[in-house]
Amino acid sequence: MKEKECIKYMIQLVAINKSFKEHKVVNDISIVINKGEFLTLLGPSGCGKTTTLRMIAGFEEPTSGEILLDGMDVSTKNPYERNVNTVFQSYALFPNMDVYNNIAFGLKIKKSSKEVIKEKVTKVLALVQLEDFGDRYPSQLSGGQKQRIAIARAIVNSPKVLLLDEPLGALDLKLRKQMQFELKHLQKKLGITFIYVTHDQEEALTMSDRIAVMNEGKIEQVGTPNEIYNKPKTKFVADFIGETNLFEGVIETHSGNKLSVLLDSDEKINVIDGTLDKLKQGDSIYITIRPERMKLSHSKVESKNMLKGIVKERIFIGSINKTVIKLSNEKEVIINEPAIDTLKFQGEGDEVYVSWEYEDGVVIN
Amino acid sequence: MKIKNIKSLVLLTLTTIIAGTTLTGCGGGSTSASSGSYSNGTVNIFNWSEYIPDTTIKAFETKYHIKVNYTTYASNEEMLAKVQASKGQYDLAVASDYMVDSMKKQNLLETVDMANVSNFKNIGSKFKNLAFDLGNKYSVPYTWGDAVIVVNTKKFKGDITSYSDLWNSKFKSSMVVLDDERALIGIALKKLGYSMNETDPTKLAQAQAELIKLKPNITAFDSDSPKTKLINGDASVGYVWSAEAYLAEKQNKDLKTFVPKEGVYLWQDNFVIPNGAKNKKNAELFINYILDANVDAAIAKSFPYSSPNEAAYNYIDKSILNNTTAYPTNGVIKNGEHLKDVGNSLKIFDQVWTEFKQSN
Amino acid sequence: MKKTKKSKNQKQTSSIVTTISPVLLWMIILVAIPLVIVFIMGFLTRGIYGQVEYIFTFQNYADLLKPMYVQIFVYSLWISLITTLICLVLAYPFAYFIANVKAKYKVLLFMLIIIPFWTNSLVRTYAWMIILGTNGIINSYLLQFGVIKEPLKLLYTNGAVILGLVYTLFPFMVLPLYASIEGLDKSYVEAASDLGASPLQAFLRVTLPLTMSGVAAGSVLVFIPSLGLFFIPDLLGGSKTMLISNLIQNQFLTARNWPFGSAVSILLIIITIIFIILYFNKSRNKGLEVM
């Protein structure tokens, strides 16, 4: 039964732990990755995402646990025995070889014939739009070009999985955004499973089919970008992804899928969420609401959550008006509104009402 | 470790090593004197290695309050090269018979003022007034001896009667010989029945051919202290100076000396004063000191090269005087040959020597 | 405005001159002038008694072409080449080991190489004579334990000479190799492994080519001095071999042919310069770092 299940997945990490000396860097991680999926490991520095990636590649051996690649246990196999390829953060293009031979490296090791090598290398160079760069040396390439050659060198070997370790970190913003699209398109075109590591949540949200948010060696949540953003399961995820407003309170009543929550400012708010059967009266919970789901108004609003406050600060960021509101219990919330209607400008010190729909709050245990 | 730091560490290490290696000196050592003030100046002595014991030098310094700067060499040619190169650096040197002749002709020597060397009378008459320096104007005899063949009788049975015995292939890689071109080319000439002072190019070419045949038997060239190799067994046959042979025999009872029938290479080493010597008086004083019967006898105890100082024979151990290795018999002396300066032909000797040294 | 600019340049030039003039002076007096003297002496003639006569001649340089001497040069180059290769083969694993070991052991390993250099290399060569001699340490042990019946002939052989040369010059190969290997980005080896290369393949295709600058630097630092170390063939070889270094020594001391000795010395210097130029060219062409 288990074996049949295993073959469905491209990669399976089962209870992976990794410690360096006394320091536990990866703490009991289990995750499955589907074939052809673009999965991102997202988290702050030191959360263990790179170490996890390196264990999949074979550069580190797990202290305990199993790594299954296409159904086979590769936990103890060397990197050159696994059919995965890596795109390194520093590109690691061999300086003593030209672009052609860099890309051909893996094929030469496999002893492919000269004709096959030529065909495959030419093909992949076209794929990354660097057809004439075959006889250049890495020292003669720009950052973005090195990036693409590194990718070419990896995918020319038709790996089952491509591992990418913060590959866009060294590029400037515009180039980075362009490469994000290109990588996504490439992955869709080739159908290879991508495992991507980054600390940039915007990048993760843009490119991934699914994201695994990591913190201090553990996986906080795995889900689609939509799920991660709109339905964070932990405080960390809510906080790490985008901006959020977090309220803490105690459940007063629980009827059906509607909760009435008492905040410590003695104000009450309601939350409608169909997945909260296990909660009961008296439980302490967090409620998180995204800034763009909140609205400002001068007058009271009915049949929505409403809190009274004073405008503390207004910030104009191009397409968004960001307002910081100070509520009655000194708590600050952020509201993002599209900056289309400048007539709605509220001055600092003005009294306002902050409102949001019952369904827009997300409960976190 | 950052790359920059590593590079600095490596470069610093390399610089230290290179500097250290460059400052490594080689060549003769110098003995520094003991305590005492040197109110009477210095004297710069250039001598063969293992020729005058440290104790004698120190005794001289203490007695006369003269500091001795002592450097050594291992061959006449080395001494000549250095004396030619540095006029005035040395006050006293020791030259073999033919070298006295050669240096005389090149005006490299000062006359010795015999008034300052009263102990000259101690020297036996058969050592004075020889062909290379008639009337002893430039030289004062110091030691004499010959070059002999030594064999480790435990390894090789049988006597050596002729130089040609050395060419026997049973001696492969077992000989230590003097690193001295005249001595070695000499035995090849002797083997062929010629004189050691032969200058005919054809005959020298024959000698070269013979020497090249001898090379496989030679395990090492050593003019410094070949007895060590004989004593510790690195070599089982040696062509060495007589005093070295005597000392070797004393230390290793298996060693025995042989005198070949063609006659030995006889030599006499003499004190000379190089031209331009800055401390001539001190040099003459030193010569006189060495020629004192007691002093010479003491030297003979450490380095029993045969002494020409017949006054010292009263104080030298009879057993040494009677030992035929240390003090060759009159018969051996009669049959022996002194080296002469060969003038221009030395160039041929040099070429023969180079060819011989680099042959396999 | 122009005036101040000019004096500023002047000030810069004069400060440069003051800084380098001590070194420049040292180089001129102790290096340039003696070299010129040696070069000129190669064209003079040897007198009967071995003194130098001021008669111009090409004979000395012509004599260099004699088969006897050519054989010496070729043999010397051959010995130096073998010495360099052996040093390379032994030093590379050692340097690799130091580069990959924990930091606290690195210092210890370095000291192992450097401490012998605090003693005179001549003394250390004598030490080898004691180890290799007929009644030396090695033979004594082997005889004692019955491994051999007769003492082995270790000393006064070509092998002993090469041993002495390799031993003396070993650190000069290790240190540049170490710097090169240590400076190698580990991710290159990881990338090679990732692309399917076994450790041996990764070494041959990536590590070795990328540490070539260290190999070249080390080789030059071993090869060139090995041509000049005359005391090792003298002591460990029993003075039996005539290498280019012994030939030069011989000309100046025994044969007393300074003009010819000078000609051979200049030849040695030219050989050295050729190898250094080759080294620099190779490093520049590959675009690799020069040590």
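Residue numbering begins at 1 within each chain, and the chains themselves are lettered A, B and C in the order written.
Simple rule for what comes next: contacts are C-beta pairs under 8 Å (C-beta built on N, C-alpha and C of every residue); 3 or more make two chains touch, one makes a residue touch a chain.
Everything numeric here is computed off the predicted structure, so don't read it as measured data.
Chain centres were defined as the mean of their Cα atoms; on that basis the chain farthest from chain C turns out to be A.
Here the chain at the heart of the structure, going by C-alpha means, is C. Once the centre of each chain is set as its mean CA position, chain A and chain B turn out to be 89 Å apart.
Put simply, the C-alpha centre of chain B and that of chain C have 33 angstrom between them.
We define each chain's centre as the mean of its Cα atoms; on that basis chain A and chain C are separated by 57 Å. Chain contacts: chain C has no residue touching two or more partner chains.
Not a single residue position of chain B touches two or more of the other chains. Put simply, chain B touches chain C in their complex at residues 1, 3, 6-7, 10, 13-14, 16-17, 20-21, 24, 26, 75, 77-78, 80-81, 84, 102, 105-106, 173, 176, 179, 181, 215, 218-222, 232-234, 343-344, 346-347, 350, 353-355, 357-358. If you check the complex, the residues on chain C that touch chain B are 46, 48-51, 68, 71-72, 75, 103, 110, 114, 117-118, 120-122, 133-135, 151, 153, 155-156, 171-172, 175-176, 178-179, 182-183, 221, 231, 238-242, 246-247, 250, 252-257. Of all residues in chain C, those touching chain A in their complex are 185, 187-188, 190-198, 201-202, 205-206, 209-210, 212, 286-288.
Contact residues of chain A toward chain C in the complex are 57-59, 78-80, 84-86, 88, 90, 92, 94-96, 105-106, 109-110, 137, 139, 153-154, 157.
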